[in-house]
Every structure is written in structure tokens, then in C-alpha cells.
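Shared chain: subunit A. Partners: subunit B in the first complex, subunit C in the second.
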Partner chain A sequence: MGRYDAVIIGAGLAGLVTACQLARLGQKVLLLAYGHGALLLASGCIDVLGFQPASSIEPVTDPLSKLADFLEERPDHPYRFTGRDNIEAGLTAFQALVQAQGLPYLGAADRNWLLPSAAGAVHPTCLAPASLANGDLSRGGRMLIVGFPELRDFYPALISQNLNEQALGVRAEPLLVDLPPVPISDDQNVLPVELAYVFERPDFRRQVIQRLKGQTRGYDRVGFPAVLGIKRHAEVMADLESGLGKPVFEISTLPPSVPGRRLLEALRQLLVEADGRMIIGAQVVDGLIEAGRVSQIRFESANRPKVVKAENYILATGGIYGGGILTDADGGIGRVWEPIFGLPVMAETNRHRWFAPRFLEPTGQPFANFGVRVNQQLNPVDENKRPVAENLYLAGGVIAGADWTRGRTGDGVALATAAAIVKQITGRIYADGASAG
Partner chain B sequence: MALQQADLDEITLSIWKQAQNTADLCVKCNICTSFCPFSNVTELFPGPKFVGPQAQRFRNPHEMSVDNSVDYCSGCGICTLVCPHGVKVMEMNSKARYKLYRRKGIPLRNRLLGRSELLGMISSPVAPVANFFLGNRLVRIVVEKMMGVHRDAPLPAFSFETFRGWYKGVHRKAGRQRRADKKVVYFHGCSTNYYEPRVGKAAMAVLEHNGYEVIVPEQACCGLPMLSNGEFEAARRYANKNIRSLVDYARDGYIILGTSTSCTLSLKSDYQHILDIDTEEARWVSRQTYDICEFLLELADAGQLKTDFKPIEATLPYHSPCQLKAHNIGLPAIDLMEMIPGVKIKHVQADCCGIAGTYGYKKEKYQISQDVGRVVFDQVKAANSALGVCDSETCRWQIRQATGLKMIHPIELLAQAYGLNYR
Partner chain C sequence: MMRRSTEVLVIGGGATGCGVLYDLAQRGFKCLLLERGGLSMGTSGRFHGLLHSGGRYVTNDPAAARECIEENMILRQTMPHCIENTGGLFVTTPGDPPDFADLFYRSCQQVGIPVEEIPVAEMLKREPLLNPGISRAFTVPDATVETWAACQSLVHSAAAYGAEALTYHEVVEVLVSQGKVTGVVAKNRVSGEQMTIECDMLVSATGAWGGQIARLAGCDLTIYAGKGTMIAMNYRMVNTVVNRCIPPHDGDILVPIGTVAVIGTTSVRVDDPDDYAIEDWEIKLMLDEGEKLVPTFKKFRPLRAWAGVRPLYQEKAAGADLREVTRAYTLLDHLPRDGVDNFITITGGKWATHRQMAERTVDLVCQKLGTERPCQTAFTELLAPEGRKFYSLGERLRKVEMGEWPGQVICECELVTRPQIEETLARRDENIINDLRRDLRLGMGPCQGGFCTYRAAGIMHEQKKLPARETNKALVDFLQERWKGSLPVLWGQQLRQTILDEGIYLGLLGIDKLPVDLTGLNQPRVAEVETEGYYKVGGGGS
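Our next item is the complex of A and B:
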């Protein structure tokens, strides 16, 4: 399989961004993942810190200023190891990466956008692609929320009513428009990605614009479900804005996520251009730790496990949701483990304490914090805080304490750990395309 | 549901078992559908989730498949690769297609397209005549009307000289064949034998140059064309024939190499996971099978590949076939070709060229196949080269027809760089 400078396991945000930065800094990288996941189930925005304290329903407007309070409440959170520097470096690096692919993300570490969600709730997020950032609620004014009856699970009336009831300074009105004929098998129940492909056809867009003509008067901007193209997204946006004569924005939908897909395509392209390698569909079955170093990993190919060797290994397999941490139970005894290296995990063995009584418990579900303990260098450590393998680094949700549902820190953790790892391995900070090797 | 196993044939039973095993892993996230190259260009195929794990729970094992649209699945397998939950979507749909054809009957057209070996045996001895007729527009229109094979579909030309004929007659008799202690077994497949013997000759040359004796055992069509055209019973017969002919080599530790990514995938995995040939012999053959580039790259990693390459100054577009991706070995051809001084590979960033074995030959599916392939064609053309590279034969023919580029197998480029030329 060749010898690599770095092997990255996992194709979520943490894995992809780490791989892209290392490859652009001249490292020979291989990324392995068991299918595509995280990005297609996410909003496509970068959440750094949305709520603090976690039980608060007031969104955070400046994530960095709340960081100290947050870490006081959650001393085990991965931000403790990355610190503020790496959060900022991670965001800057990310913006530089996607900018290079023509998918600019707007925002900065010291402010949050307040975006409408598909339920009409407020989604505080730090970086957002331009099309979503245009929906920022703090801008006020009148917005028209357009939906299509054929795109189920996106209800303009629900979004508008919820937004209006929260008295956020915006006035939202719903509008349902029948889709022009679409070449989709079940045209009464279309998926976001299917619709996004259809929106890439100019004649289809013309018909949509035609159907909206005269109904956008009096509104400051027009919101659509996030289905406005994938690879030709910029062209679709420009076309709709000029056709409607209004600023247009997108609202994230239920999965599969189109903004997430755009981000995936951009990062994938970036990795290929930087001569990185990627195998999707390959399950990493085990890794060997000898004398304090990982010496190899093996992944399942169609007929036999294949061995890969590298200088450094990055584990970015996610937490319990991503499959990076597995669980089993025998009666009241719970077992929690990290399946590839068998790393020591921070977890509760009494299964009855895995779950909080309420599903949406403000202090979170205990199991969501299960993960691998790390040190400042993001190496895994044992109970006595001794590193288990010095050339193995952990990125993203596989780290103990990373529960992203609480406080909304998942993307921030992914980017901050990626930046920290890149610095550890290369001694450099990824800043822009100019440093590409 | 209580199952009366006695009433069910083996394959139907296995479909039921497999559904029980992996359909329940599906969380309906639709990631597979969003990556499906086919459902994204045609309304005739609703997408892998809808006809696969979702429909599966409505398929009573005692009844036939309920859904005709599964015929529009190409079997490219991207759904299985992108699924983050381990659902064997493509495998499920291939079997559902078998059930569909059991109900509807298999059209003569499918039977013919499934028999690339038989077509080769009949036509190769009269290749000039066969090629003349198949190159004739009027003949192709008649073939389309009578058989349902699209008039513009990229039919390859038959080769007058078969690979086996060359190997037995020219190569071996002339005493040119290398004898050595290091031996490998070569599975050439039908396309190399009847259409592109040059690929087999190049493989032979490269392997012999690296000090291997190449054994070419008796072999039949791998069975994949039959499998994908719904003829499971026939496919299993061919599969068992190959397993019988290869298993002793496998047991003795020989490595079995192939230049066709779909043949090698059949040996590696489809025999077991789609045709349900779950025997010790099948596992032996599977374990010992390698894609040729996979093998050569492992040699290179071990420092055992000769690197006396002459420089070739070229930037070449390379398309990685779906069947190769399903090997889950990455893209060894790229690393291998870039070992040649001067060669720069431009990897096409698109999932499928649309041909999917015999899918794009069918009259009713030709346009879908072209629509799927457009992204590949555009990128190949944009590479501004007269030559392109791809590991799979039908993909090469599809891309050649659509772009006008000469398409070769990576092993041909290696043979050229080594300065080898077998005639």
C-alpha cells in the first residue's frame, strides 16, 4: 500500500480537514473511511460555541468571549487541550482551504451568525457559506420563506411562525410553490440532493423564477431550502438573485445535507489536487502499537486485510454517533471501547448511568461524552495520563468529553484539533494556499 | 416471520438472510441515493435506498420482487461504498434483479450480452467479417430493432488473434516464455482474450520482465455479465468452473492476477457475496486474487519491482472504474504509473462512466448511460491528451467512443516504459 507520512481514519470534518492541510503542506497522506457520514448529516455550517451555559436558550453571540465560562462548566471538553489559539488557527485554516475551492465561508471567531433552522429555531453558528450567512436574523427586515410541497420536511409556515413568535426583529412570511416538472422518480417526495441537481438546470430555474414572479414584492430577501445546486451552486445563486431582483439565502434542510455535500466535494477536490489519497468504503479493522508507537494499521479490502504504514496516524472516527466508540451491554454491565486500537476510554460501566432520564436533557446525555482521553498533544493517554502511542493523534468527536449536542461545539472541536495536530506533525500552521508544497 | 425453508431455492433464501442481516442497519439517511450516479439522471430509477433496504422489508421471500425499477440499477456499487452503516445495498439490489428476471423471464438480448465468451468464440475466428458487419450502420439499426442493443453503444472490435491462441501458439511454442521459480497465475478474462489481446501481452511482458513465470490456466468467463443480466444459475456454473480450475494453484500459494477489474472482483468477492458460493474453495481463490496493479505496487513497496523505466513525457487522464473502487484497495495504478519518469496522471473526479458492464449497451438505457458518463467525458477531453488510461475494458470502450481518445490499460503504459513489446 505504499508508505505514507500520515494516515487519517475518518471522512468527517476533522478527518478531511486534517488530511487536506497535511497534504497541502507537502505530506503524503492517505485517508480511509467506512462510507461517507458526518458532513451529509450536518448543517454545512461551522458551530464553535452556540449556547453557554448549556441549559441556556440564549444563543452565544461571541464564542471566544464565552470560552472561559464554558471550560469552567465542562473542564473535560477537548477545547481545554486545544486552547483558544488552535480554535482561531483552525477556523482561519478552514476558511483558507474552502476559499481556494471557490466555496467561501463567512464569519470570524469572535461572532456568531444567527441563522434560521428548518424548524424556525435560531441556529447560532460561527462560519457559514455565503448563501446561508445571508439568512442572518440579526439583520432584521422582512423575509419570504419559499418551500415546495414536493420537498417534505421543509415547512415555510412552521419556520415563519416560529421565527415571528420569537420576536427576533425579522418578519417572515411563508410561500409554497409547486415545483415545475422534475425528472425524479417519486416527484411527490423529492430529496434535497435530488432537487439540488435539478436546480443546476437553467431551464428549471427559469420556471421557478417564473412561478415566483410578483410574489416577492415588499420583501427584503427570499429564503429557500438549501437545495440551490451543488457544483454549480454559485451560478444557481446568481441566477436566482438576478431573476428575482432580491437577495437570496438558504436554510439548512433535513439530511442528506446539500451544504454538507458541497463542503465534502470541495474538500475531496482539494485533497486530490494536493496529491492525497482517499479510500471510501474501507473499514479499518485494527492497528498495532509497539513500544509506544503505532507501527501499522490494517483495513478490509474486498478479499483480505491490507496493511498500511505511516509516520503518523490520525484517528478521526467520531464518537458514539460516528462509530468511533462502540458499546455493548450485558444486563447492567456496559462495555465501551475504541474498536481500532483498543485505546483506553473514559466511560461509565454501569449501563443504567449511560442515559439521562429525559431525551433532550439540558446537561446532555452521559454516553455522548464517552471517548478516548488525550493529553495536550492530542495523543491518547491511559488512566495515569501516560501517552499510549506518540505518533497517534486524535481529532474530533472520538475524544472524551466532546459531546457536541450540548453547547454546539462539534465543528469547532474538529477544526481546532485538526490545527493542533497539523502543528504537532509539521511544526507549521496552515494559513493559505501559498504554502502548498 | 416463520420461514418454510424447504419451499425456497438457495438464492432466494440467501436474499432473505442477507436482508435480515443488513437491511435493518439502514437508518434511511439517503446518503446512498444522494451519491447514486443513475438516480440522479433518470426518473426511471428511484435510487438505491428505495429499491434496496427500503423495499426489501416488503419482499416476502415466498414471492417475487415487487419492483420493476430495480432493473435500472446498474450495479456500480457506489451505494455500498458510501453507506456509513454497513448496508450491502448493491448486493441486495443485484439479488432483487435476479428475482425480477425469474418472474419476467430473461430477454434474449440479456442472455446474449451476458455471454461475452460465447460471442467471442463464435466471432473471433471470423473477426474481419464480424467487425465489418457490426461496423455497418444499417446492421446496427437492425440489431437494435431486433435485439435491443443500442445502435450507438460502444461495441468493441473482435480480435482475429485471441490471447490464448497467441499464448499457446506464438509465445509458448516459440520458446519465448520465461521459465522461473517465481510463478503467478494470470486470469485474462474474455475481453483480453477476444477483444484486446494486447492487454494480456503487456501483462505477460511486464510480469516476465520482473522475473515471473506466468501460468495461464484453463478458465471460463468470470460470470459477471450473466450475473448482472439476471442469470444467476448460469453465472454460478461459470464461477464454479473457474474455482475448480484455480483452487489448486491458490492452495499451493500462487497469486492469481487479473487485468480486468470486474473479473478479479468476481473472484475476490462477488462469487461469495452475490452468488453465495460459500465454500472453502471459493475462499481460497478469493484470498489469492490480486488486481495486477495492486500486486505490482506491493512489489514496488517491497523494493522488488524493476524500475528501469524509460521516461515518457505525458500528462494522462485516468478514470478509476467503479468495479476497481469496490476492491477497496485505493488506486494502485496511479502510484504505479507515476513511477515512470515524466508521467503525470490527471485523475478524473467523477464516480461512473455510465457503461456499467453491459448496462449502457441496452437500447432503453443507452441515453441514461451517456448522461451519467458526461462528467467523465468532459474531464477526459479537458485533459488535452490523445491517450487516456482506465483499468476496466467496458469503461475504456465507453470513454473512447465518447471522447475519441485512445484508451489503454495501465499495464500497457508500464510495458511501454519498460520498452517491452510482445507481438
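Our next item is the complex of A and C:
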């Protein structure tokens, strides 16, 4: 294989966004990933800081203003290394990237949208595609939540009642509508992504609109499960809004996530268009660190071993969920390790200290913070805080302290670390074509 | 206080209590059953699901073994919808005492357990993942049983004769007057209301809790609680029940159930049947022993661990080794023993012998009430409640694939459909997703409820017009239940799976921020995470 400016390992939000920015800034990049990243499992929005303190049920309305409080409570969180500047730079760069792909994300670092979740909880999020942002609860008014009995991943009555119960200033009512005949063989078990493709058919949409006509009277907007198209999403939205004569919004539901799929496809296409190279199904076996620098990595693809060399390497393999951090115990002493470079990991060996007693423990699960320690430059460091390799950078959930479920910071960490790394490597901030939305 | 009366009152909704209720009802007694939790929620719901052939006990406890084989053959006729005829194997693994196999074979023949030695090559053809180093293999008629379906069928069949079972009713007082039990006071754990129930005869079928009930009646009865820990692995690595051909031992049985395989068990005496812990050494031992049967055992994912408490009774105090206490059952008339009339305790035994235990119990009831009514339970097939007729996953899958089984698939791991859930919800008063699990195996597969918990909650909310807060509570409770059981074996790939569930329920759905009222019956139990090598997970009940 040729020599690259940068090799990025991992195709989640952090890896893709880092690769896209570097490629657009003229670097020759290779992205290697074993799987498809976690975008398909997420809401498709960009959560930067949703709750502070994590146990609070009051959502954060301005993430930046709460950052100092948050870092006081979570001093090991990666935001400590990226700082506020990189959060802002990361969000701006992300907005510029997706704008260029026709998938605008609305919002800014000093404001959270308050979106309804598929359980009717409040989901505070910083950037959202227009279709989701339209569900913002702070706008108030009456909303109709439409579901389809054939879609088992969305329950409008539960969503509505939970929203109303919280007295958020909106009034939500549920409506279940039978789907028009769908060209899906198992039409009782329609998957969100399948349905999203069906919604791209104008005749199908016409029938849906027909079935809803007359039932939307008195509502200010109409919410749907997030299944309104993938490639032709904008067209689907415009068509439904004009057909119903109301603003339409989407609510993200169980994986695989349709908004996540839109984002994944946009970023992959962007990377390829920027002359980046991407190999999915590549298992990185190991990396060689010599004299404080990574000199090469080995990976297997199509059952063949390959070696690749680059100036810089970005590890964006995620935490335990992503496979960037592995765990084992075998009923006895716990083991936690980073499998590619064998980097020093911050973790407990006593497995009994990995968990909190409650699944929903407000302060989170200890294992969720296991990861690799980094310095200000996002290089991995050893126990004495000395960098392990100066041309190796860590992005996203592989970094220690990155528990994202409590506080809801995962996407912010991905984007902020990506921006910081891009700055380290190129000396520049990616920002062209930015839109604040 | 509400009052009601019945002829015979049964305490305990496990296999034995349900069996006693059914037998009583069939013999024409007016009868009522009280269970403090749901049906089959204590020891009967906390075993590996093995319907013993008796082979396990044949060398050291032939009486128990004989009971097992007799009942095994009867239950196949009376509850076929609850039983999967997996067959069983006894295998000699490398390092096992080589002379035990001949003793085992001779003992099976003496007790009357159909046994056949098969070539190891034949065994490997049937079960390719078994250890190729196994030197001898014997087939026996072991099977697996779906305990929740069985207990419900027993109660359902008893109801056809007019009997009734009250779940979530706990006995708080036993009324004794002039040396005779006259009734009990029971507390409804959902509403908190108390009720007096008068009866002519009280039968305690409360297993390891039998001592507690007896003490309420002023009788001194000690029943040892023998904890057995089991682990469900994420893969049905064998289709036959596999036993080590050695004297009874920790981790000597591997049982295929639904989509998973269960390895068990340990045997540890505990003081309180409601308060015990799963210990690290037990987990490690189970996994190590599993490798002796299936060399790739640890390559599979442990899904969850649980423990049940066997009731072990001996009039004289037992020594340290609980495996020496008989697994045969004990029927006690408290009149000659303690001077308390109209009170019977049935305890000990095996799941497999519950019908025989019920028969002997009701024989004693008849004798004490001065009536003679023959037992019919060995000759009558149980009625299966609607929706409980498809036991094996293969059968469910075939029907789903052939389009014969209409309805949305809500739990994809265990192929549970929406009509099944709706039917079960309609039948039940309590809104507990864990009951759906016990009824339908919802959420018991590899993803441990990741997707179906939300769906089941949504369906429950729609169908039962539940307040959202109640629905949220049911959701939180079920997730906590799954969490609690997974902790002792949570690492590696299963930890990743659990983080996916965390991502869905916190990151995506935000259920940690929903309004919820965590009081009352269904208060999620907190797993006490200890740093000293064990997980305290509480006992049966709710």
C-alpha cells in the first residue's frame, strides 16, 4: 500500500469526521474500520452536553455555559483536553461538512434543542437535522404524534402521555394509522430503514397523506417516527408538509437509526469525494511503536495481511462498545486493554468495581469511563503522563473518562477531539462553507 | 378485613403447590392457592429446566432416582406441551474416575432407568461440540421442561374444576385455635389489603420457606436452603441434556433451553432463602467445568447467572455436605409431629417429582378429612392455556417462517409475537414485564431485552390504558431485573451488548429522565455490588 499522510482507525462519528476534514484540507487519508461504527445506533443528532449534573432531570439549555460546572464534576472527561474552543470548532466544522452534502444540521454550541424521544422523554441536543429540530418542545403548541401499527418500534400513545405528564408547554395527542399497502414481504414487521425507502415513493406518500387528511386539524405540527426517506429525505419532508399543510417533524426510534444512516452515508460520500480512501471490514491487528512514534500498522482485509505506513495515526475505535477497549474476566480478575497498540488504559482490575448497583445509576457505570489517558495534544500517555507516541492521536470514546450516557456528551467528544486533532496535524481549522443554521 | 373460606388452602405457587391445587380440585375439593409472588417464581423458576431421568441420583440416592424416572414417564403424557424431549447423555470426561461408568450403568438397570451405552463416535455425531476426549457415553431419558408453562397449566386445569390461585398474596399469619389450624391472614402485595381465609386443611408447599410457614403455625421445622447457581450461555451448544458420568458434583449438567444452554449447579447451604449471593468462585467453577464437556465453552458468552434454593430436609441435622441430604421428598403431618392439626407440609423433592408429591399430599388430606377419593392426575392430560402450546423455538420459527403464526414479532431472540403478549396481558392483572418473560420467554435471549422491553412497554401502555408513570415503572423494573442477573457474568462481548442496551434506554430513549413512581410492589431491587467477590442478588419472591 502507498504511504499516507494520515491513517484513521474507526468509522464512527469521530473517525469519519476526522478523516473528512483531513481529506478536505488536502491530506492523503486512509480510513480503516472493522465495522460500521455506532451512528446507526444513535439518534442522528449531535449531543454536546444534555444534563448537568448528570443526575439532574432538568435539561441543559446552553451547553457552553455549563461546561465549567461539568468539568468540575467530571475532571477526567475529554472536554478537559479539548476545551471550549475545540467544541465550537468541531461543531462548526461538522456543520460545514454536512451542509456540503445537502444534510444541514441546525443549531449552535450555546443552545440545545429539546426534542421528544421515542419514549416521550426530553432529549437535549445541540445540533439536529431540520426534520428532528422541528420537534423542538420549547416551541410549545399542540402536536400530533403519528405512528403505524406495522412499525413495532414506535408507540405514539406512550410518547404523548409522557410528554404531557411532564408539563412542558406542549400538548401531544397520539394517532395510529394503518400503513398503505407496502411492498415489503414481511409487512407486519416493517423495519425503520425499509419504511424510510418506501416513503421515497411519491404514490405511497400520497396515500399516507390521504389517510391523515382531516385528522390533523387543530394541531400545530405533526410528528412521525424517523422514517421519512434516506437519500430523498428532503423531498419526502417537503411533500408531507405541503400535503398536510402543517410543519412535520421526526422522532428517532430504535436502531437501526434512519437519521444515523443519513449522516453515515453523507459522511462516507464526502470522504470518497474528497479523495479519501476507506476500507470497511479491515481488522487492524497491531501497530508498531518505535522511538516514540508509530511506524506502521498491520491489518487484515479480504483475509490478506497488509501493512500501511503514514505520517500520523488516529485511533477512533470507540470505548468498550465500539471495540476500542476490550474486557475479559472469566469469572475472576478483570482485564481491560486496548487491543491495537496495547496503550496504557485507565481501568479497574477488580471487576466488582466495574458496575453500579442500578442499571440507571444517575452517576453512571464505572466501566463507561475506562479508556486510554491522553494529554492536551490527544496523544496517549503512560502512568507518568509521558506521551507514548507523538504521531498517534486519540479521537472519541476510546479516551478515558468519556462516559457519554450520563450527561449525554458523546457526539460533542467525537467532534471536539476531531477538531483538535485536525488542528494539531494541519495547523488549520476546517470551516469552509460553514452554516450556523 | 375481607373474609373468605375454602376447604383446603395451599400455600406456595411453585410446581408442588400448583400440582397440589390441581390434584385437590380434580378430586373435588374446594381449594385455593396463595403465592406471595408470581407462579413459579421461587425455586421452581430458578432451576436449569431439567426434567431428570433419575440418572443423576441413581448411585447415591436410588429412592429419589426411582421417583424421578416414574414421574418423568408420566409427565411426558400429562404435560407434553411443556416438555421438550431432548434426551440425556452421561459422559465420562478425561480425568473422571473411570470405574464410575460401570457402577452408573448397573445402578440405572437396577432402578429401572432406560440406559444404553453408545459409541463415542455416535455421541459426537449427535453432539459435535462435546469433548472428543470423552471415553464413554450413555443415553438416558432426560428432558427439559418449561416450568412457567407447566405451573400455569396446572392452575389453568385446576380452575376448570373451580379452584383459584391468588398471586402476589403473602401469608402473614397462620390462625391456630385449640391445636388446630383454622385459616390464615394474607396480604395482597399489590393493594396492601389484608384478608382472612378460613380453611379445613392447610397445605404448605413452600419449599425452602417451609420452616417459616411452619413457625407461623407454632411448629418447629428446620429446612435447609441449598443454593444452586447456574449460568445461561448465549448459545444452544448442545441439543441433548449432558451430564458428567461422576457422582453428583458442581457444574456437572449442561441443559439446552430455548436459544440458550444452562450450566449448573453449585450446592451451598445458606441461612436465609431470601438472602444469598452469587459468588465469583461459583461462576469460575461453572465455566471451567463447562470446558470439560464442551472444550470451546468459554468462547460463548455467559448471558446471566442466577441461583435457586433447594429445600433440603432431614429430621436429624445434616452434615456439611448438602449433596448427602436426600433429594427425595418429605410429607409431614404436623399433628403427630407437633401436635398441630389440619396442617400438612410437603417439601424437598425435585421438580420432576412434583406430581407424585402432590398425589401423596392429597392422599393424606383425604385420610385426614376422612374421605376416599382416588388420584387421577397420572392419567389426565393438562389443559394448556391459550398461547402456551408452542414450546420449542424451532416450532415457533417454523410457524413464523411458514406465515402460520400471525402477528408482529416483538422479541426477535425468542420469537414472541404481539398477539401472545396481548393475550397474556389480558389474562393478568399485574403490569409486570417480568411476568411476560416468565410466560413467553420475552427478553431471555442473547440481547437480554434490548429491543423488546421498549416494545412490550408500548404495547402494555396501549392495551391496558396504563398511566405513563406506571408504564415507565414497569420498564425500569424489567431493565433492572435484567441488569441484576447479568452482573455476575458481565464482561467481554456481553458487556458490549449491555452497553448497546444502555445506549438505547438512556442515550436514545432517555428513560432515566422520565417521570416514574418507584414505590409499591414492583420496586426495582437493587443489586448490592460487593467488592469482595460476590454479587448479592436476593432470593425468590418478588
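Just so it is clear, the second predicted complex is superposed on the first by the 429 of 437 C-alpha atoms of A that agree within 3 Å, B and C clash if a C-alpha of one lies under 4 Å from a C-alpha of the other, contacts with A are read in each partner's own complex, and residues count from 1 in each chain.
Following the convention adopted for this analysis, contacts are C-beta pairs under 8 Å (C-beta built on N, C-alpha and C of every residue); 3 or more make two chains touch, one makes a residue touch a chain.
Values in this document were obtained by computation on a predicted structure and should not be read as measured data.
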Checklist entry - Looking at the overlay, does A:41 come into contact with subunit B only (first), subunit C only (second), both, or neither? => result both
Checklist entry - Between subunit B (first) and subunit C (second), which does A:137 come into contact with in this model arrangement: first, second, both, or neither? => result neither
Next on the checklist: For A:274 in the superposed arrangement: first (subunit B), second (subunit C), both or neither?
Outcome noted: neither
Item to check | Touching partner for A:316 - first (subunit B), second (subunit C), both, neither | outcome: neither
Next on the checklist: With both complexes superposed on chain A, which partner does A:402 reach: first (subunit B), second (subunit C), both or neither?
Outcome noted: neither
Checklist entry - After lining up the shared chain so the two structures overlap, which partner does A:389 touch, if you call subunit B first and subunit C second: first, second, both or neither? => result neither
Item to check | Residue contacts on subunit A - larger count, subunit B or subunit C | outcome: C
Next on the checklist: Is A:374 touching anything from subunit B or subunit C once the two structures are fitted on A? First, second, both or neither.
Outcome noted: neither
Checklist entry - Between subunit B (first) and subunit C (second), which, if any, makes contact with A:255: first, second, both or neither? => result both
Checklist entry - Which residues of subunit A are in contact with subunit B in one complex and with subunit C in the other? => result 41, 255, 323
Checklist outcome for this item: subunit A partner, complex, touching residues on subunit B are 29-31, 33-35, 39-47, 50, 69, 80-86, 265, 268-269, 286-287, 289, 297-298, 300-301, 325-331, 335, 347, 349
Checklist entry - Contact residues on subunit C for subunit A in the complex? => result 280-281, 283-287, 298, 406-410, 418, 451, 454-455, 457-459, 461-462, 467-469, 471-472, 475-476, 479-480, 482-483, 487, 489-492, 495-496, 499-500, 502-515, 524, 526-533, 535
Next on the checklist: Give the list of subunit A residues in touch with subunit C in this complex.
Outcome noted: 38, 41-43, 47, 51, 57, 59, 117-123, 150, 152-155, 157-158, 161-162, 165-166, 188-189, 252-255, 257, 319-321, 323, 326-332, 334, 350-360, 362, 365, 367-368, 404-406, 408, 410
Item to check | Of subunit A, residues touching subunit B in the complex | outcome: 1-3, 30, 34-37, 40-41, 182-187, 191-194, 197, 255-256, 261, 268-269, 272, 277, 279-282, 299-304, 306, 323
